[in-house]
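There are structures below to look over.
What follows is chain A paired twice: with chain B in the first complex and chain C in the second.
Our next item is the complex of A and B:
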């Protein structure tokens, strides 16, 4: 998709600037050229990552998606502050003050102020949760926080484990590689959803009475996502390392007696940045979607705010109060969609084969 | 070939064994008190420590885990008798015994068998649509590569596949059954095909369409990519140069070799689909294995939950095995490496 949309503005501009992008002379910097093309390129060639970055900046879809993602990150980081600013909070006051408690009324269970039956209510910009009477905006803001926090932490954990496993398996070879490859294949045969399903009642049984239950639930969810998410990266890294370790620079490093750990992290890892970045950038939206999906099934975050949980609660109200369902859905779809498109754009930008 | 087959089947069995062991250990060491949920249920939440001890003793939780795992495996092959407490009935669990449901007191495997047709219907219908929609669209796009229609198709399908599946399915269900109230197909669910094939198809139709449209985006991408690659091969040019009609070149010469990678991916996907229809079953209210497992989680019916997980893993292992074997027939290089 990104390469399609940038076609209109792309080719002419690229062909003009690309030759100069490779090698640059110092004096060019003094021409007052401060645009993206020349900034920071004092002398010779630019690193592949820098080229990719310039490409990304020129990709309109990527820029828009990045802005959307940054918006969600902003909301997630400042959720408590934003909630305070709008004067909303997660805790509900007295249910019958905000929700129609007269069960003879046709509006029974629906909020007294704001949508769907009444106009916009500035005190609750996103409306009120039917039945429980808590504020939708607060749930949305904190839901964004839950979503990005869990997905981000799980991505971080899964990619660290995956990179380490892949590096070790690929570089060590032999029996170590065999064992690690078997572990990777083993984890791949366990269906993720069913594993999450099996772990949910255990976490519940063990910690439901605990005061920290919401935290424990989130941590265990991060754990489950990470445990079943690292194999892709590990496979990828292993494959790359297998071909890289026979290259001259690795042999040279070995000959001069560099310790293995240093070869792994100083020689091999920098060469793996591009595939890892691509894998990680596509892992994040998958985890955001899974987090909400598990909450929707009632086996993810059940305590505390989560978009998936709101979607589950809002489904029966689709007919009478569609806004209640639309809000969390827009959150999930927009975040996942822009993260996915951004990931695709990053992949295209890092791929030397795509000419733009 | 035979040696490869034996090796592959053996490794599949080893993995299945390890998965069953992991699941067993998860339910043995995971809960702080494995007998608690059955004790709560049987004594209607008046589970005293003395009563709990009785349950622990009769269910074998006081024995070491390896002994009980042996009993479990033994039960899978020869069947066994299960007793929950001293004065309750003895349940006869025939081979393959996966336990007795805490909730319904039925043989878990028998229950699974009754749930199986629903899950199989979902997966088969969805997978058929994957191919029926995905491949023709992909081929058509490859034929018109670079045109506006191709670009529009590729980008719109990318957008669809970027939305989480369950939201797509949920929206489809909400629009069709609540907003539009389309007559026949709004009544989703599983109705046995032997009773009424028409009702079966209409109950499944919406789930199939949702699954098919969402899944076919991937197949469009695969088959388009594969077809584009094949169409640039020399032998296609030769066929064209011979003056063969365009149809013959594309469908007879091109499609054949373009489909090999697509069918391979399909094999793996079908396994994943069969093991993971939870969202579809939950949204369209189809009483299959996924929904069964999900309900068991809410009810803390541990034997059913572990059986669901085991079922999914067994399906994945088997489908991987079948794909590997088929692939080794198609491409001899695989079994030599």
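Our next item is the complex of A and C:
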């Protein structure tokens, strides 16, 4: 057995460098001419990922976007601590204690303190929701958490399913490929929004009376996003595998009797890292936007904080209280934009044909 | 029918239960003084002698198109007069296209509504004990085809109202079925085809229609103001449901096109004779009703004051825009009593202690719920003390606890302690609509109010597409069985306690969502309509107070008012206090 292992790892190493071996040299020359830092380790063996990372680090847009994304991740992870730090919470308050309910007054229906009728209120830095009296900052922080958690989990689930389906379909070929391709095409034909709109009431009907309803709602949302999001990755991976499996290193692995599972994960998968990373990095912002969109339509997270929900609530206040709408909009736009730009930058960095 | 903008006072649809007519009007028509509503003490007057043509409205001119926006209101599903029980459908058709036995007219000086004759020459001739009513049909009234309306057609139209299967949401299911002689054994002309029904008789030569009653029914003249009590073409021509798509008109306007939930266009009916009609006018050339509009957009349009908005009016506003609209429109923002009361209905079989029911009343965060649900506190929702809304004959100003019940968590806790419950021990299970910010925000406020008052709350979300009434009124519903707190929202059909109390509190009544049942109260419901006419209003008022004092079965959370906005060029911007709608009969396009 140990023997087999060492034999197996041989071609594997080759495979890591094999597909891009020629390009690596070109890369060296290119890098060497423009970058002093990399001059030192010229001709040292570097993987395509290392090269991509170096390229990314030099891309100013990518760095800024990465910082913005990291900021949102920080906010999402530490939402409860941040809320505590600012002294705000998601707790329900009696509206009329913080909002002017006397409609004879000129500020009728607007918060008693803070924007838009009054100046900055340190107790509620982002202001107050004029409908419910709840704190906007707390909802923003937890909304970020909801957004990233759902988008992240859905991306993870969708890419795992997609990669597996693509690997199997591409490598096995024949009837398995036909069946899996049919399933992929079938899911692609289902209109996503229609399905989401149809599923929401079913989930509600089944679980509305349950105590865990908010959790079930989140899980089902992740499920819906993942179920309708994996096909792109699967197709991409299948296509790549179709061309890779005819390459020498795969043939070599087969000849020496490597099990299929091992070929898939040790031989093929490492060569697919680049397209998968690109697909995932573009899937994440799509899911963030979708989550907000579904919440806006009232079929996403209806219980708890969500940017989409806040946008829905704030729309009628655009005239009298624009800040209320701007805050969640900035959150969604900034996060989606930086994730997208970062995704583009990663793709450029990983693409050996890019010359900049 | 459902109002898409659900009401946070637990009740979704005024339309479903709201019965069209109601009493009294408000003298105070939106003078913009901060929204204090005067409780109209007066009731509807009757004027049996009034004849056509209707008195001219000052400054009225002919011509133009009036556009009516109905934000978040899907409007009627069909236009069959017999099926019209919603406030929206009944107010539009009664005022413009479909005549009935009697109708309401607005006295433009006092703002009060007066019950006047319509197709009948007077308000009907009852016999001594109100068990037989005779109406004489006027001879100059015509259909849009120019043919005269005969007594036979009126009798046929009235007979149609007895068919609960053909017209399940029609008002006849409540009143014709309950009061007309032998109606219990007659399923209506479509379901019981060929069966003779002799309680409604007519004489084409003498132009009379006579109706026999099962029990004394002194309010038949009010019931006659529903368009269901009007004529229908004989035979197949009025076959439901086809007739509902394009009914034959007999008012000053006829239907040009109708797309349910979207648009209704009415144009002049040249065959209508002004002399035959004591209350309607024919000023505008055309009416366009736009249903299910976006309320934010409608407010923007009205506020913009552009050409399109000048000849438009809207039947609802967004509370966010109330201040802007009030300053921009002045007296063209009209407050109108809707003659409706919203209730919380604790299950009488599960919440058996009166202390707990009262504790719920003190726990309800009235103002906060109104604000959260997009109402204008003190304007579109005002505190309520009784089941009967203001403007109803005999409405009592009693206070069940000496003064108006307001939110008071401490008092609620005391009451709970009296009943022997620790704070956090008593669990309330209720449903609410999810999918709109307003209902969710209101539910948050309710849950906070109840928790602060020492209750434990479990709120079950229901998608906004499902009316809560479908759960509350279905005894076999799985969720309904778990609830111990429901709601109901009821509007009067005419200014008599008869259209409020029995419908809500009689044993087994559909909208008795509290499942209240006391034999002696049921006996009162049967006894009061038999009292002499002039004693009835006070008897209803006294019964209202007695039920609240002894049992407190349902908690009145608000009296409801509507806000209408009128464009600059709409003449005589007023509301119709009888129907709780804009006063369509007297509107015109100013030069």
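Quick notes on this one:
Criterion: the second predicted complex is superposed on the first by the 312 of 356 C-alpha atoms of A that agree within 3 Å, B and C clash if a C-alpha of one lies under 4 Å from a C-alpha of the other, contacts with A are read in each partner's own complex, and residues count from 1 in each chain.
As a convention for this text, contacts are C-beta pairs under 8 Å (C-beta built on N, C-alpha and C of every residue); 3 or more make two chains touch, one makes a residue touch a chain.
Since we're looking at a predicted model, the values are computed, not measured.
Partners chain B and chain C, brought together by superposition on chain A, clash.
Of the two partner chains, neither chain B nor chain C is touched by A:281.
In the superposition on chain A, A:96 makes contact with chain C only, while chain B stays out of contact range. In the superposition on chain A, A:320 contacts chain C only, with no contact to chain B.
Shared-chain residue A:54: touches no atom of chain B or chain C. Once chain A of one complex is fitted onto chain A of the other, the partner contacts of A:200 extend to both chain B and chain C. Contact with chain B, but none with chain C, is seen for A:191 once the two complexes are overlaid on the shared chain.
In the overlay built on the shared chain, the residue A:298 is in contact with chain B and with chain C.
In the superposed model, A:213 makes contact with chain C only, not with chain B. Legend: residue contacts after superposition of the two complexes on their common chain; A:108 is shown touching chain C, with no touch to chain B.
For the superposition on chain A, the stretches of chain B under consideration are 25-33, 43-51 or 133-141; the one running into chain C is 43-51. On chain A, the surface patch touched by chain B in one complex and by chain C in the other comprises residues 200-201, 204, 298-299, 315, 319. Across the interface of their complex, chain A is touched by residues 15, 18-19, 22-23, 26-27, 30-33, 36-37, 151, 154-155, 158-159, 162-164, 166-167, 170-171, 174, 178, 272, 275-276, 278-279, 282, 290, 293-294, 297-298, 300, 302, 305-306, 308-309, 311-313, 315-317, 320 of chain B. If you check the complex, the residues on chain A that touch chain C are 92-96, 99, 101-104, 106, 108-109, 130-134, 200-201, 204, 208-209, 213, 298-299, 302-303, 309, 312-313, 315-317, 319-320.
By the touch criterion given at the top, residues 1, 4-5, 185-186, 189-195, 197-202, 204-206, 285, 289, 292-293, 296-299, 311, 315, 318-319, 325, 329, 332-333, 336-337, 340-341, 344 of chain A touch chain B in their complex.
By the touch criterion stated above, chain C contacts chain A in their complex at residues 33-35, 295-296, 318-324, 365, 367-368, 370-372, 374, 376-379, 434-438, 440-441, 444-445, 447-449, 460-465, 479, 482.
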